[in-house]
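Next up: the structures, one after another.
There are two complexes below, and they share chain A, which is joined by chain B in the first and by chain C in the second.
Up next is the complex of A and B:
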């Protein structure tokens, strides 16, 4: 008689693995979804439009990654500065820095980013940002300015939590410098999962902000600088006339269901851009909650 | 009295938490279970008592599933007619009820005077404060650990009294898991007296899990008549298997007997002098010689001296240690260290830049909290600011002073969270000794250790002292340290509001 226990055990192990590591499951689903979309576009979207969608997707992801990188760098540095000032009881610089951070915190992200984009426009007009990469980096830096405080809050919270435990005191009285304790013992050894989860959440937030702001400014920034001067992103692609028409067709499908099929062949640019944004944001959200569940954060 | 042996295996998510073989339980007798912390004594006790959480843990008892084991009539009876005194009383008490309400709950409602039973565990002088303690809604920090432990023990005693009054009550199992961990010797002895008094009335099956080998000397002194009803055993971890074996009490007594008080260096230079009357947390803490009624005097430690601070639970021994080492700000204090005067106004950075890790260090009471759980043993020692810890051979040599040679290769890469409680404690102490600072403060250095490790730690302390290092010691293991530390080096700490 055939023994069915081994495949059953494998199935159970796999389902247990997926249940426990939902973040990996959703990362895999995202990659699969993006690959399928790429294959579909290869088959059914014309080459110039496909190249624009691909460039927009790559720029958006690169921009979001740079936002995460910049936010981590800024957040880490400022959190360390605050913790050090607090430890040394240097009240005046501590209060000044906290005040500046609170002012920045009080600015709505969208408003701040719009002001930032105005700055980018000025720089482009003066030829200070000649390359696409420089423009993406500047855009990311501005976005990071309005999200990095989440990293500051997280790091300060982790440091505070560990300062309540004896292990920080125990290390201090062994002569270990406070910055080594914070960076190595608290953050790298005990907060990596928190930082990864925060980075994933920031990545999603960055995509959302970049797409939203590009969509909003599709009306143009000045007579000389418009979306066509800035690097293409999924947001700016969605704001293009072709894509807007494609998106409008989705509404028409409700009154004329027969047009549903044409969405995936004739209106592919707008639909695929909208799908890439929504699908990526959804998957990133699930990866983030998966990490929260896995590491019980 | 019949002796039964159990093989117990407990797993969680496929990971074996404890695989204990030959765990002895003397039915109708008192079984003492010694052994290093973290090797599974509590889980063994919980399994035997039938209080394991089946949804979280997979468990077998003598190769029988836990479900079948705990459904047996005798196990159900043992649970119904028994009591489990958890190691951490906070996990048992309901924060939404006062302690007074909780000592009268369930079967304890039939007890004649539960508050009186609890009161038996307080000294005559301390008993008036009990009313205030019982009116409290328990929180992690209130009442103190020692007070909660005594209230909890009182509940177990009330249940014993209720069962003794019911002549037809079945046999129960009373498990006391580290019942005296937060008590000083006097309170511990009072607990043992009351427990044995009840045992004399009715021979319950009692399992007493403890690290306090000092109980043995007290039993020899005060309760010799019960020795035929007592079984002394220890759990020892060998590889991945924990084995129960007989622990001959004579072994400890002989060892204790051969301890001689260490010599006091004459005319040595005074390294540390702490004035009595430290004001902190609204209390004034004073040092006295020869007990509570003794003369007030400053704490003074010469180079190469071992100074022992004694006090009841919750008086403030650890607080004093933290004030001296600069981790706790006092409202008023004065000390002199290596000729430099320090007080409450001294800048914090003096300790940080000049003293910590260079001139003084401290091994904290709870190794669990003092070590980074996600660092390996090698990383823990490698972080220390000493060149010897940069090499594998240096780390190996350091570990050899408190660990078995065959244990070291496996241990080096292991994360702290994977170590047993005793291994953590040894690593915690080792870290302080490696630094070779002129002053080392040791807060409960023998907690969580088995007998062999205690011996090794004492040897390490003696070596440090011989090298000229000064040790300031805080410990509940009075039986051991009274034999080692000369009376002139003992300071009794008392607090007043």
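Up next is the complex of A and C:
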């Protein structure tokens, strides 16, 4: 005899699973949304524009991933340096490093990145950064300089938390070097969920900053720095004349609702670029908060 | 969750303010050096690139716009230097390019002269800076109030165990069956509205502004303030920070102890011993005798220093809005213009002014946090 409650129980189980693992749910929704957008663009956007949107999306994601990677490396290294200096009671270098970090923290990201991008432009004009990958890496490094402090804070907080527990002293008594305890026991074994959550949050922050700086540069500084000498990202795509006109049409829909349908066919380039930025930022935030909930961070 | 400024809290107020002052001095010195280096390089470049042709362009009595004078120069050059025709053509081409570049130079246009940092320019920056400070402070206060209200509302809804409209809709489909569940269109409508608002809050300012440009005057200061508060994800991240702190505080042991001792702990709006809905606007005043008051007070103490993290993000948002929308007469737009015209000394001065503004607000937050800490006996 078949159990009629089985499908409902399965649905409830799935619902419970998704309730607990919201990060996975949102990651899945993001992939689904991106796939649907890609399929829609394949059907209704002309091939050259589609290729530009795809390249811009790929460059943005690659840039953001590199920002996360660079921020983790920088943050990890500087946090370890601070912990070591604190442990060895080397007050002057410790205070100097903390002071420098606090200064960097007080620089608004966009202002710092503008200065950094001026430097990148100078390098590009001198052919010092010939490949697209080198340019993306350099821009990511500049962006990472203004977000890596969050990694430093996280690592220091985790180390401080575990240093108050007995097991760190026990490991020290067993002769395990302090750096091994920090790297292996505290960070890799007991803080991975924190680091993953921080990486996801930084990924979202990086996408926002990269898109914004590229938009500003493409709109305001287009004489020296332009789409032709910086890799295209979603921000610079949105700043292009076609996309801006597409976005302007959204406002017209408020007074002429009949134009709503045209957004998804005639004004697809700008609307899809704006959607990709906002949808990605939204989903990344949800994944990050989902991780916080799941691991009670 | 970490807070970068937790180290600074127990230090004396004088030490904290001293550090802020030292930061401003160090950054000012670094920017002055950068300004001198950048200005010097700019002048050198002009002298070196034009030196070969400069000599010919400055010849007395030669009008380069007249074909006769150009031909005379060509013949004279050929006769004196005995160069091949291609070399003479190259020199003439270079002279032509230099003349064209000079004519296209914005500095030659009326009012387009290249500016450098002077008392007059500083005088022009002062009203823009004051305007920037006012907008910055208004945005900061509004963001704080709005984020607090959202976080408190979200926390109370979480304590009430209410699911989001979309989740309620899904549960309806699960329990009542797909067809009857789909009849709950009110829930679906609420979920859709929730989604649109979330999208709006996460949208970068330039997306919203360009969308509304045909309908609204986007160069209005009120629009600038509104956009700075609701866009760029500022409000969501700020509110989420306080919400996380409230959740983490509510899980601590003292909350259970207070409940056991009979302190009110009911979070429903519509019951006698519940919590007032006005707690969203005035969390401390409207939660007398409720355990939420203690949870909020402790969370707020940790939340205050995190305001400094958001200060730089709010400034980033303002920079994005003013630059992306080309809002004339504002400080960040002026910064963009001075970078565009390679007036780096003025751009550096504006960067320093923005840094000073950030540091002033950070110092203010530190004083506020210090005073809050002093209210507790164990604060030293």
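Definition applied: the second predicted complex is superposed on the first by the 288 of 297 C-alpha atoms of A that agree within 3 Å, B and C clash if a C-alpha of one lies under 4 Å from a C-alpha of the other, contacts with A are read in each partner's own complex, and residues count from 1 in each chain.
In this text, a contact is a pair of C-beta atoms (placed from the backbone, for glycine too) under 8 Å apart; a residue touches a chain by one contact, two chains touch by 3 or more.
Just so it is clear, the structure is predicted and the values come from calculations on it, not from any experiment.
After superposition onto chain A, the modelled positions of chain B and chain C are compatible, with room for both.
In the superposition on chain A, A:62 makes contact with neither chain B nor chain C. In the superposition on chain A, A:97 makes contact with neither chain B nor chain C.
Of the two partner chains, chain B is the only one that A:180 touches; chain C does not reach it.
Contacts of A:149 after superposition: chain C is touched, whereas chain B is not reached. In the superposed pair of complexes, A:165 makes contact with chain B only, with no contact to chain C. Residue contacts after overlaying the shared chain place A:190 against chain B, while chain C stays out of touching range. In the overlay built on the shared chain, the residue A:297 is in contact with chain C alone; chain B does not reach it. Number of chain A residues touched is higher for C, counting chain B against chain C.
Our summary of the superposed model lists a minimum C-alpha distance of 5 Å between chain B and chain C. The residues of chain B lying in touch with chain A in their complex are 322, 325, 327, 348-349, 352, 356-358, 360-364, 366, 369-375, 383-385, 428, 431-432, 435.
The touching residues of chain C, counted against chain A in their complex, run 1-4, 7, 19, 22-23, 26-27, 167, 170-171, 174, 198-199, 202-204, 206-207, 210-216, 232-233, 236-237, 240, 244, 308-309, 312-313, 315-316, 319-320, 323-324, 326, 335-336, 339-340, 351, 354-355, 358-359, 362.
Against chain C, in their complex, chain A makes its touches with residues 8, 11-12, 15, 19, 98-99, 102-103, 105-111, 114-115, 118, 149-150, 152-154, 156-157, 204, 208-209, 211-212, 215-216, 219-221, 223, 238, 244, 247-248, 250-252, 254-255, 274, 277-279, 281-282, 285, 289, 292, 297. Every residue of chain A that touches chain B in the complex is listed here, in rising order: 88-89, 165-167, 169-176, 178, 180, 184-185, 189-190.
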